[in-house]
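As written, the chains take the letters A, B, C, D, E, F, G and H, and residue 1 is the first residue of each chain.
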Amino acid sequence: MSKIGIIMGSKSDLPVMQEAIDILNQFNIDIEVDIVSAHRTPEKLFDYGKNAHTRGFSVIIAGAGGAAHLPGMIASLSPLPVIGVPVKSSNSIDGWDSILSILQMPGGVPVATVALNGAKNAGILAAQIIGSSDAQVQEKIIAYKEDLKAKVLESSKTLEY
Amino acid sequence: MSKIGIIMGSKSDLPVMQEAIDILNQFNIDIEVDIVSAHRTPEKLFDYGKNAHTRGFSVIIAGAGGAAHLPGMIASLSPLPVIGVPVKSSNSIDGWDSILSILQMPGGVPVATVALNGAKNAGILAAQIIGSSDAQVQEKIIAYKEDLKAKVLESSKTLEY
Amino acid sequence: MSKIGIIMGSKSDLPVMQEAIDILNQFNIDIEVDIVSAHRTPEKLFDYGKNAHTRGFSVIIAGAGGAAHLPGMIASLSPLPVIGVPVKSSNSIDGWDSILSILQMPGGVPVATVALNGAKNAGILAAQIIGSSDAQVQEKIIAYKEDLKAKVLESSKTLEY
Amino acid sequence: MSKIGIIMGSKSDLPVMQEAIDILNQFNIDIEVDIVSAHRTPEKLFDYGKNAHTRGFSVIIAGAGGAAHLPGMIASLSPLPVIGVPVKSSNSIDGWDSILSILQMPGGVPVATVALNGAKNAGILAAQIIGSSDAQVQEKIIAYKEDLKAKVLESSKTLEY
Amino acid sequence: MSKIGIIMGSKSDLPVMQEAIDILNQFNIDIEVDIVSAHRTPEKLFDYGKNAHTRGFSVIIAGAGGAAHLPGMIASLSPLPVIGVPVKSSNSIDGWDSILSILQMPGGVPVATVALNGAKNAGILAAQIIGSSDAQVQEKIIAYKEDLKAKVLESSKTLEY
Amino acid sequence: MSKIGIIMGSKSDLPVMQEAIDILNQFNIDIEVDIVSAHRTPEKLFDYGKNAHTRGFSVIIAGAGGAAHLPGMIASLSPLPVIGVPVKSSNSIDGWDSILSILQMPGGVPVATVALNGAKNAGILAAQIIGSSDAQVQEKIIAYKEDLKAKVLESSKTLEY
Amino acid sequence: MSKIGIIMGSKSDLPVMQEAIDILNQFNIDIEVDIVSAHRTPEKLFDYGKNAHTRGFSVIIAGAGGAAHLPGMIASLSPLPVIGVPVKSSNSIDGWDSILSILQMPGGVPVATVALNGAKNAGILAAQIIGSSDAQVQEKIIAYKEDLKAKVLESSKTLEY
Amino acid sequence: MSKIGIIMGSKSDLPVMQEAIDILNQFNIDIEVDIVSAHRTPEKLFDYGKNAHTRGFSVIIAGAGGAAHLPGMIASLSPLPVIGVPVKSSNSIDGWDSILSILQMPGGVPVATVALNGAKNAGILAAQIIGSSDAQVQEKIIAYKEDLKAKVLESSKTLEY
């Protein structure tokens, strides 16, 4: 069965990345979580990127902040779709560096970038990718979207003005 | 077989979006190209988004510029993974509006955003998504990456200084 | 009599949008408030936009944050003047995404954009629009502006330095 | 009958502002065009702003670039709805100064801001404002939107790929 | 004797502008402080700007935030040197709107802009302007600069590392 | 009689700075023009800044681009009012670096900053500073402003639409 | 033996710059710390820059915020490599002014700029510079990098999800 | 003798990076130039970074554009000082992505960043680094700076105004 790799540059990114973990757990999709620092553990980065597709992963979610090289370097090394989560870390300039370092990849090496701190959306996107060839997972996405809708419709009933 | 939907907000986006068409043709992946304007053809947008997953599409690539609502609205309507291409159109402020309108989606509704004018990468990412459950397509991605590498190595031999 | 529709993408936008409600109540202009999420309730968005002008609305005020598609999509669907309020929501990058997603609409589909979190001004602008064909409402605007002036002149008397 | 005042800070803004003139002519809406410089003809600004609502205007469209004070000062002086067009003039920093000077008005004094160089949308918005109390003009807006739609649908038939 | 006019768009700007008051009091330069809102008291703005040079002022310091039109409109109306203080007010986008609205004046109508919230520097600049034709005031500036220097040199003696 | 020093960081800044020269010549105000590079001729910078007020200058206009240190360093060394012209030089990032390096001076050391490439306004501001203690020069400023006004009023007569 | 000069524009920069002090102490590299303000102690700046290379320094680390001229002016005066630390000081606009004032030096006069508030990295870079001709120091850098790696690998063992 | 490694992400960066080559040739410092793409030749990146310090290099200059990961990844792998040149490549957003991706490195892994397209300064900085332990090279830097000064002083003699 499909498995999603979730990695982040530092343990301090975990509070942001937890939302990807939670939503994929909610979808009952198998995950593996690890810390891989492009700048401090380049050998681990290399091994991770080179081997992920042979280790049963379908998608990799990589979160990092500041000069965020982790998603792009994994994308350089792996044929898998890589989802990048720009993290507004303590050393980031309001998130602009994180976004641009992840988004602006050169032709040939895409990273599927989500919103700043958008780890939940990274998880949903990973599920959608699996769902694009797995009808059961796609059904879960459809149900999830129906649930979002129901909650908004419900909340509008409570408006007082 | 998997099919990719490529849509854009205006025919003037075609020169940028052509790179997605070309790379997917090169990968022999089936595509369907259309113009869907969120702001001028909202009914077509609605139909497209609602029905894409039942019409055999696995992934949708949507390109738009300025206040670029097309990718996000398709993502709102479809359970498929949606790849957004921010286009630096003539009415865009150096591309910042296109990027932020596509990237900064709320929790629950992701758009996989690629670089400004990065339609080639959108095509490759779509292929990677198909490749995540189709070994033959993944092989093509691996070969493509090997080819990129060979070209760079070749180019370094021609350096004179 | 003229009625203003006030909508927002999420109940969390209400504290900002309340200022539009309050000022229109102060002007005794009829309002109807609802939550319409472009990304989570697209069918409601569609119905709302298509029918607003036949339901007695003269103007629509729409507030949203981040990749804020609500005002532009309503403008796509309705012939009414649409006022957009960029909300500095928790997922927004200092408001820049909200502003650009609302302001930078393509030719043919305007959104009357006000300042970041400028819901009070959205309410006043809606009143001015009604006042442009309703002398009584225009008188209220004139009186409101006189009142603003009087308060500033009064405050300058209390300066000590 | 309703009349729209179109003013701009300098004759060099005319090529941009011409689009507002053209679309309002197309809608057969009465206009009056003038040059009013907040910084070089402050007395004319004052007279214009103070008297516009008694001279038969329903809406004012004001375009300016750089530190663009014209729309906001007219809004300060007039009870009419004022539409601001940020112009990317030769002395502007990519339009950011024009946008922020027009958009970020304080509470109490709104300017309905359209996209950078969005004079066509300013004209359409002015027509929508008139249309909100004039069914005939609203019909023209509806027809205009149908026409936009038809053109996009037509253009999608010519796609070759 | 020379007198400096200090004005601000709102009483809420006083905590920032107080630094201009304090430094000019310290230099024993005559000041007059007032609240003049370009957007809420345009007539007072007009009177102030038209008459300042005949009322004994040598320099005007004007502080405002957001779409800050006060300094530029005073500069439009007065032949005096006008110093603009961009205020990071509660409705400003990190100060960028305040800075650009004050700085980017068109050719012919300068505003001497100081740093964001730089009211102290506005006061010193006003004193330097008076000092450029008044040797006694220039001496005070020279002494002030010597004092700044002495304090830095002193502080470096206390470094421990 | 008062004299204005005009300096720039490089001869390549002359086309921009020429506007300051021209307007001051037009006002018949004495000027002296020189090239002083903060980064390449620091000793000349030092001499210039230390001695300008004893050499008969009333005001210094300094233009520079990129990491533009010339205006601020002159302001550090001289008690005179220093006007900074941010130049959009070939190595500047759209002028943002030039503006921020000149504008954002620390408390105690102001630079009177004008718009990007705003050398004409720097010249007018210098004249206004002289005019604040020289009625004859102030008269020229008043006449100049009248002339600006007349030209705008004239241009509005030629509008055809 | 090699010595590093660490200077900053104000004692208020010390909490940021302390990280450079700490890391160089940890590497047992000789340092000298001082406060040198480009804008308030220009003579000290001049002496420091002119003489640093004859006083036994190998590298200078200079930290400053806002219109940060200290690193660039030292680079103007000294043949030594100068490392600039942009400080997000209280008067800085989110650090953008500090970064651009230090980074965007003209051709001929480099400043080795590190990340916003990146004083630790400035210290490491200084050590790397010494290490480029001193094998013992280079060994310390290698050991430091190994230690960083070990800590990350350790932290990944503690992940629970 | 010391040797400088100059690498770039693509042959298209050569016109910018040529200035580093030229200035180091002018200083008679040994260089080796290569193309190393972080995203297309990750194995070569790895080998280069791991072995540079044992291959006789003292400093590495790395230039790249867009999501520019080359300098930071080399810094991750090598104990040598790494100088990063942000290149304004065709896929870059006015250079902001290149700058932030290179500059904003996390604590522990510095990159000495120079100005956008500042390859000449990268070369000079590399020479200064060598010069910090090699008196002969430092003499060349001093002479170079004298020459810059002489050229500016000469150019100021040719001013006509």
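Keep in mind that, in the parts below, a residue touches a chain if its C-beta (ideal position, glycine included) is under 8 Å from a C-beta of that chain, and two chains touch if they have at least 3 such contacts.
Because the structure is a prediction, the values reported are computed rather than measured.
Chains that count as touching both chain D and chain H, per the definition above, are B, F. Among the remaining chains, those touching chain C as well as chain F are D, E. Annotation: 34 Å between the Cα-based centres of chain F and chain G.
Each chain gets one centre point, the mean of its Cα atoms, and the points for chain B and chain E are 51 Å apart.
Inter-chain spacing, taken between the CA centroids of chain A and chain E, is 49 Å. Multi-chain contact residues of chain C, defined as those touching 2 or more other chains: 10, 40, 66-67, 91, 93-94, 96, 99, 103-109, 111, 115-116, 118, 145, 148.
The chain pairs satisfying the stated touch condition come to A-B, A-C, A-G, A-H, B-C, B-D, B-H, C-D, C-E, D-E, D-F, E-F, E-G, F-G, F-H, G-H.
Of all residues in chain B, those touching chain D in their complex are 10-11, 14, 18, 21, 31, 33-37, 40-41, 43-44, 66-67, 91, 93-94.
Across the complex, chain B meets chain C through its residues 9-10, 38-40, 42, 46, 49, 66-67, 69, 72-73, 75-77, 91-93, 96-97, 100-109, 111.
Remark: chain A residues 2, 19, 53, 58-59, 79-81, 83, 99, 103-116, 118, 120-122, 124-125, 128-134, 138, 141-142, 144-145, 148 touch chain B in the complex. Those residues of chain B that touch chain H in the shared complex are 94-96, 115-118, 145, 148-149, 151-153, 155-156, 158-159, 161.
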